[in-house]
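This is the structure I want to talk about, given as structure tokens.
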Amino acid sequence: MVGAGTKAAADTPKSSTLTVVAATQMSAFNPFFSYADGELYVESMLYPALTYNDKNNEPAPYLATKWTTSPDGLTWTFDIRKGLKWSDGQPLTAKDIAWTYNLVMTNTQAATANGTYVENIASVSAPNDTTFIVKTKTKQANLLYESIPVVPEHVWKSKVSNLKAYNAIPTASEPVVSYGPYTFESFKTTYATLKANKNFVLGAPKYDTLISQYFSSTDAAVNALKTGQIQEDGLLTATQYKALANTPGITTYREEPSGWEAIEVNSGAKTKSGKSIGTGNPLLADPTIRKAIALGIDRQTLVTKILDGLGAPGAGYVPSGYPQWAWQPTASEKIGFDPAKANQLLDQAGYKKGSDGYRTDPKTGKPLSFRFGIHSDESDDASIAQYFVPWMKAIGIKMTVQPMSFAQLNANLAKGDWDLLMDGWSTGPDPTYLFSIQTCGVLPDDKGQGGNTDAFYCNPAYDKLYAQQQTQIDQNARAATMRKMQDILYNANADIILYYGDGLVAVRTDKTNYITGKADAQGVYPLQSAFYNWTHASPVTAKAASSSSNKGTVIGIVVGVVVILIVLGVIFGLRRRRTAGDRE
Amino acid sequence: MSLLDVEDLAVTYQTGGDEVRAVRGVDFNLEPGQTLGIAGESGSGKSTTVLSLLRLLPASASVAGTVRFKGEDLAQAKWSRIRAVRWAEASVVFQGAMSALNPVRTIGEQIREPILLHEKVGKREARARTAELLDSVGVSAQRAAAYPHELSGGQRQRVMIAMALACKPELIIADEPTTALDVIVQAQILGLLTDLVAESSIGMIMISHDLSVLSSVCDRLAVMYAGKIIEIGPSKQLITEPQHPYTKALAGAFPTIGDPASRLAPSGLAGDPPDLRGDLVGCPFEPRCPVSMEQCRTTEVTLWPAGPERESACLRVLP
Amino acid sequence: MASANVLGPELVDSEQSSGRADSSERSAFWWYLARKIITALISLLVVLVIGFVLFTIMPQNPVESIARASGKPMDAAQLAALRKSLGLDEPIWQRFGIYVWHSITLHLGYSYGYNQSVASLVLPRIGPTLLLTGLSTLISIVLGLWLGSKAGWRPGRWLDRIASGTSLVFWSVPTFWLGIILLIVLGTGVGPIPTLFPSGGMTTPGFNGGPVGTVLDVAWHLALPCVTLVLVVFAQYVTIMRSSLIDELGNPYLLTARAKGLRDDDVLRKHALPNALLPTVTVIFLQIGGLISGAITVETVFSWPGLGLLTYNALKIPDLELLQGTFVMFSASIIAMNLVADLLYRVIDPRVRAQ
Amino acid sequence: MTAATQVPSPNQSVINRGTPPRTQALRNFGSAYVRNTWGMIGLVVLLAFTIMALTAPVWIHDSDLSAAAATGPLLAPPQHGYPLGTDQPGRSVLLLLIYGSRPSLAIGVIATVATVVIGAAIGLIAGHYQGIVSNLLMRVTDWFIALPGLPLAISLSVVLGQGPVSITIAIAITSWTGAARLVRAQTLAVEARPYIERARALGAGNTQIMIRHVLPNVMPLILVSSTLTVAGAILSETTLTFLGLGNPTDVSWGSMINQAFTQGAITAGAWWYVLPPGLAIVVVVLGFTLVGRAVEAILNPRMVNR
Amino acid sequence: MTSTERVVTDEATNRPVLEVHDVSVTFPGRRGRRPARAVDGVNLTVGSGEIVALIGESGCGKSTLARVLVGLIKPTAGAVSYRSEPLGYRAAALKEYRRHVQLVLQDPAAALNPRQNVFDAVAEGLRLHGERQNLTGRVHTAMEQAGLRPVENYLARYPHELSGGQQQRVVIAGALALDPGVIVADEPVSSLDASVRGEILKLILDLRDQLGLSALVVSHDLGLAWNIADRVAVMYLGRIVEVGTVEEVLLSPKHPYTKSLIAAVASAGRAPHPLLTGEPPDPTRIPSGCRFHPRCPLRAEAGERGDICVSTPLPILAADTGQRQVACHLA
């Protein structure tokens, strides 16, 4: 529409397109292998699930219209909608759902991305086209949050033998068979084009076309937004957010955080059987030191300086975007910025400051000197380090910054070869996984393999609560358990949550209605759901605006053509002159 | 009418603020079918003189005087006219054929090039002419497809000569055509040139620093020193009875074998040629002259008659 | 002519020798070709080894990287399965074997960052990269050689000064920075300058304007990255062309050409240029490495969906097998270009041909 | 005898200089260099930047570079006290720019020294000795030439761990081949000159020929090539840093552009953050190039003649 | 003055300074080419204080032989001896040898390192041989002997600041600085101007007279031999075909090749008439029998008598005698 400039607009005046920035690079749309948001969002338009997360990030009916749980909490019965048809006209029934679940449960390849969702499922069945039954091994509180994308059996059956090789991208001979608000039209290395499914059961999308486009630089994306090439960009940096604030036609939104930045502290890396591993500094096992570190950090300053105020100081383990689970410490419990107190704690514990201003351990005579690993490709990490190091110096602790690649950092992490690390997580509406990485169960085995721990944190009391919340079907009770767990984590100071960064979104509100919900007192909007927004966004009714960008486009094309003509002209001119020279 | 009539030719090079007056007033003429040899040591202005005839000098050179070629003053002619004269009416054989031939084009192409350029002939005819020409200089016509580096030095020089004959010119300028060659090959090439000139009555100017070579080939000989002709006359006379001391020195440089005077007595000329930047007062040869006189330092010497058809620029020659 | 007879016997001799030279020359060419190809293959093998060593000695834990990158829960068994499926449990030599085999069959390994074979990632991106680098090279060559020859033909003139000066400056400009600046000025619009070009990508998403429209659309997207690359690359060509032409200037064969009555620009075009082009051609081919570097940064800045952007994205994870794959691809293209340069040089320079 | 009576021209100076001083050549070079306007401009630029880089720690304090201690407005345009504006945490871009010259220049120079030493040694040996050694060295060089520079440098940095040391090594490893080829070609050319044969006939051995004749004749080329290599190395350094392979906590030109790029300073129209580091790179690289070309013009006799 | 010198020379011929015995040099053929037998059996002596000219057309192996004499090329067969001491090819022996036998090359401009000034160029040999005492003095002496006077004018100059003749004098001075016994000069004047040529030749002659220096002068120029040489050896395709005193060989040549060479020299009024045709012969394909037979005008006239030229090889001319020798079946 934009490249087409005036022409396309004239040809099909009613056609409307929503172009959004893809969250990540995309390459294939096979839902059994996709991890990255860019792909997942597109797939969520194509492959239905039992439920979807609504605009409040709560499970809502999708394929299933309603569900019931058996009294022992182990059997779930879903009522599946009637009369749904895949994009090729074949009926979409409970059989497809059961087939997909069975595939993920039995085929290790198919389990690559979604395997954990079915770990606790004993069996699934579809007694008829409209009933789908799941039997779980133990009670599972988050089953509804973890519904997996359903694919058409009649298409995917033939792909099973080599699932990995199927990219699920439409070709001329083989369109992608799907069911969802949109159908898959095409994919070109940086963007996917989807066409609206006007018969979508949850309501037809207001746009005819949806495009998710990837930009390798955030500035390019913002640029595209400014020039009207795209309508939504949810990946703004603070700088860009501020810069766009007063641009006509564009509205900027702050969205509740779905993740945090934290400093992990290695309080003693151990294997499942309790064997110490790695080269972590044993001093960090001392809770006093960890607490002093936490006291020495001015989280508010980080928010002000690094996020430009667009976020909140960290505390609870669940990001504030999920108010149903989130937790904040009480005023008395709160570990604020208090270097004096940190110094005092350390002094009391006998860590005396030397002449260089750094403390030493009275028992071993070793200095309080730690490594601080940061991601070299994260500019925020580097900025945090610039604050963190002097703050630690102020309380007599020496930090040596080690920038590392993502892989390197993770390798060190798994081996326990680290003292402190920068860490960042974001989560979906169900935080079970986020909680799981702090349990003893994910410590590595004695060979150092198979671990999935975040900071080698291991606390039986916490583990007990973790197991408990997994079975609490009553979500309020579950939330209470989660808050207890967060309290424990907060006081352990193994994962010092620094801040929650707001999601920063800019939308061409002169062209599209996109954002859902109402801002709170601080002007922060609830966390946005891509599925919900893409399905419900609507074009702003006819206001002939974007002429300027079209003019630019036309000039651009003209300039491009002229450049090419000049080059051709030079080549041609040289040729012509040659014949002239021969004639003379 | 003379084929070539050069009057008061002067060439000045502009180099980095300095003016090098390489040629300082040269007059000579050439009748059709006649050969003129120009001798002189390196830097005396031989090449500059002949290249200026066809205005082949670099842009840093400024030329004065008249060059009447078949009555037409080339010094004043339009560039297009000059280009038309070049090669079609006057061609050049350069020294060092290896570098005077374009290394990346076949010798056939290079010989054809001036034919196609100057004459209204087709490619086929040009090819045929090329074959004939190569044949006439004793190189097999099949070698037309060869590149210069595939030929021996003598063959390359022959190709240069064939090329010079391509458009049947009336004047050939040969700038040291044999200098880099071996004795035997040199003899062959000189023989070839003499024969060609004699047969087709082409006028030729030949440059060499070897007086004996010139005297064996040319009718008349001019000796240059410091940008001027200091002696000119019939070649045999000039070499057997040189009148200018410089000519004498040059003639002595290449001894006649069997001549007892030169046995174990190489004759040379001490000193260096004068600096051509700026004016020269008096006889330019005076500092090196074994027979110089007081007047030589100050008196401007010009060519004056020194016998039948002979001229010389030496005060001692004055009757 | 009389002289021809004198020279008779020698002719026969030289013809014979030339006939002999011809056939030996032909066999020498095959010899040369075989040698060059073998050398290229050895180079390729060396590159493969270097690539393997580089990416295997690296402290790596791809499995954890995937697990964490996914943001999804994975248990020990899954991780082990993943390890196995990535072939990380095999002994090194076996992995090397697999890797060489994968490289030969253009499978190029498996990207765990994308969960696809590297080939399926690399292949669709070759086109855009070729389009970008190819077109920029073409324009740079035409522009660079043209300007370089004009400048070198009359060194010291104003055209030479301007050409040399511009190429010096552009040579000194970091490619990515130039790209960013062009993006700001022409892609965003600064002050009175309107937005002329798109901010990235290769096509306008959702645009369907028929074949002509598509070509125009791609050209429109191509303009900025292409101009960036051209500006940086053509400067080198100007310099090379200029200096090799200057090297030819003093050569007597040019005087011969002039004496033949050729016009000045014909002397340049028919005689000086073919000679000056010889060194230039080799250098152009040898500079393919510089072009690749340029492509990586330009594609990154302009989101051009090619191998360079793929490399950049692989670097961020870092996705080792993918990096390895692009590394092998790039190296192979350089080796191929060197081979082409060698052969081309032989074809166009008769002097080398004879050796 | 005539040879004995050759007279000196009266205007020649008859100063007995004894052993002609070797400094004469240097002095000639110096005076020729001073006359080369562009070379002088390049030299002055380089001197200015070098002095700036060397003295920077004296008058720029850690606190000026620390994001934590920054007191300026956030990402503000040039204003009083901040001639080039501020960056995201509120540091003075001018001070960052000045301090940022240090890693760029240091890496450029160190990488070049490594490059040139490796390249010159290999080129000289491969050019002087014929046979197996030479062939093997040239093969190795060819293999390295077949490696794509930036991807290899990227890979090396990834492998060796990020930071200036890896970048330096990566640059040296990817660029010594150029120097080696150049030096070898020049060595071969010099070795073919008759004065090498004359030296041999006078009794010179391999080492003496290499040191007395080949090296002095190759040296200018090495010098020229090294100034150009510095220019290339600085560009490589900034590119690698821009791609995120440097140490993100270091202040350097590449990392400034990288941060501007990743933080979205371009959107904010923060030209004062994007333009200066790029221009600084251009100026320094240009400086090295100009100096290199000036030296080349003076030392290369062929160019003198023109 | 001529007569007294001749006496010196005649005496001296009996005590050879430099000798080569049955020397051959074969360059290996590369990439399928045949090996080149550039020098193919040569005996030659240079007597004390004698000047020998080695004459021949291009490619006949003159320069190769000259390089063998200086020890720059190790002959594939045969030996070189200096004052009856055979030359060894160890580095030390070569170095010692090179104090005594010096080389002067054709193109003086190229034979001087453009980065060395005159002093360094002349002092180079002394420095290489570690003779640092009185370096300046010896350089001065050598330069004066080579006619570079006054020395001070030249010391600090660089090669490009000298004329061709001066450059050649510097090269010669560099050779003289080591007090050599013999100078081997490879076409010492062929790149110089006609007028300078005589000066350099005169210098070589003077050095012989004043210092008793022996010299082997390589040239294709018969006039040079006439100008300065005592004896002349004519070389063809790697062999010496005629040797004798200058008068003998040049005034009454016996070998048809010598005759052809003499005929090829141009002189006043007489165009050189080439008796020989063709390009220089090819040392990779040496004809059987007498190697000159394919081009020999004598054989063509001789009819059947000439068959021997094709079938029978000629013996290598001996070195020891000062006698006139000719390698020809028909002469």
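As written, the chain order gives the labels A, B, C, D and E, with residue 1 at the start of each chain.
The rule is simple: a contact is a pair of C-beta atoms (placed from the backbone, for glycine too) under 8 Å apart; a residue touches a chain by one contact, two chains touch by 3 or more.
Please read these numbers as outputs of a predicted model, since none were measured by experiment.
Computing the C-alpha centre of each chain, which chain sits at the greatest distance from chain E?
A
By raw count of C-beta pairs in contact, what's the busiest chain pair here?
The chain pair sharing the largest number of C-beta contacts is A-C.
What chain is the most remote from chain B, judged by the mean position of CA atoms in each chain?
The chain farthest from chain B, judged by C-alpha centres, is A.
Suppose every chain is reduced to the average of its Cα atoms; which one is closest to the average of all protein Cα atoms?
So the chain sitting closest to the middle is C.
Could you grab the centroid distance between chain A and chain B? Build each centroid from C-alpha atoms only and quote it in angstrom.
87
Taking each chain's centre as the mean position of its Cα atoms, how many Å separate chain A from chain D?
Computed value for the inter-centroid distance: 45 Å.
Whole-Å distance, chain A centre to chain C centre, using C-alpha means?
The computed centroid separation for chain A versus chain C comes out at 38 Å.
If you average the Cα atoms of chain B and of chain E to get two centres, how far apart are those centres in Å?
32
Name the residues of chain A that each touch 2 or more other chains.
Counting only residues that touch two or more other chains, chain A contributes 217, 219, 223, 226, 377, 405, 408.
Going by the contact rule already set, what residues in chain E reach two or more other chains?
In chain E, residues 199, 202, 274, 277, 279 touch at least two other chains, as defined above.
Counting only residues that touch at least 2 other chains, which ones in chain D make the list?
Residue numbers touching two or more other chains: 2-3, 6, 158, 244-245, 261, 266, 269.
Spell out the residues on chain E that touch chain D in their complex, using ranges where they run on.
Of all residues in chain E, those touching chain D are 70-72, 91, 94-95, 98-99, 102-103, 105-107, 110-115, 117-120, 124-125, 128-129, 135-136, 147, 149-150, 152-153, 155-156, 160, 171, 174-175, 178, 199, 202-203, 206.
List the residues on chain C that touch chain B in their complex, please.
It is residues 1-4, 6-8, 10-11, 14-15, 18, 21, 251-253, 255-263, 270-271, 274-275, 278, 348-351, 354 of chain C that touch chain B.
Enumerate the contact residues on chain A facing chain D in the complex.
It is residues 217-219, 222-223, 226, 236-240, 242-244, 301, 305-306, 308, 374, 376-379, 381-383, 385-387, 390-391, 401, 403-405, 408 of chain A that touch chain D.
Which positions of chain D touch chain A when the two form their complex?
66-70, 74-75, 88-90, 158, 161-163, 244-249, 258-259, 261-270
Which residues of chain B touch chain C in their complex?
51, 54, 56, 82-88, 91-92, 94, 96, 99-106, 113-114, 117-118, 135-140, 142-143, 146-147, 149-150, 152, 155, 188, 191-192, 195-196, 199
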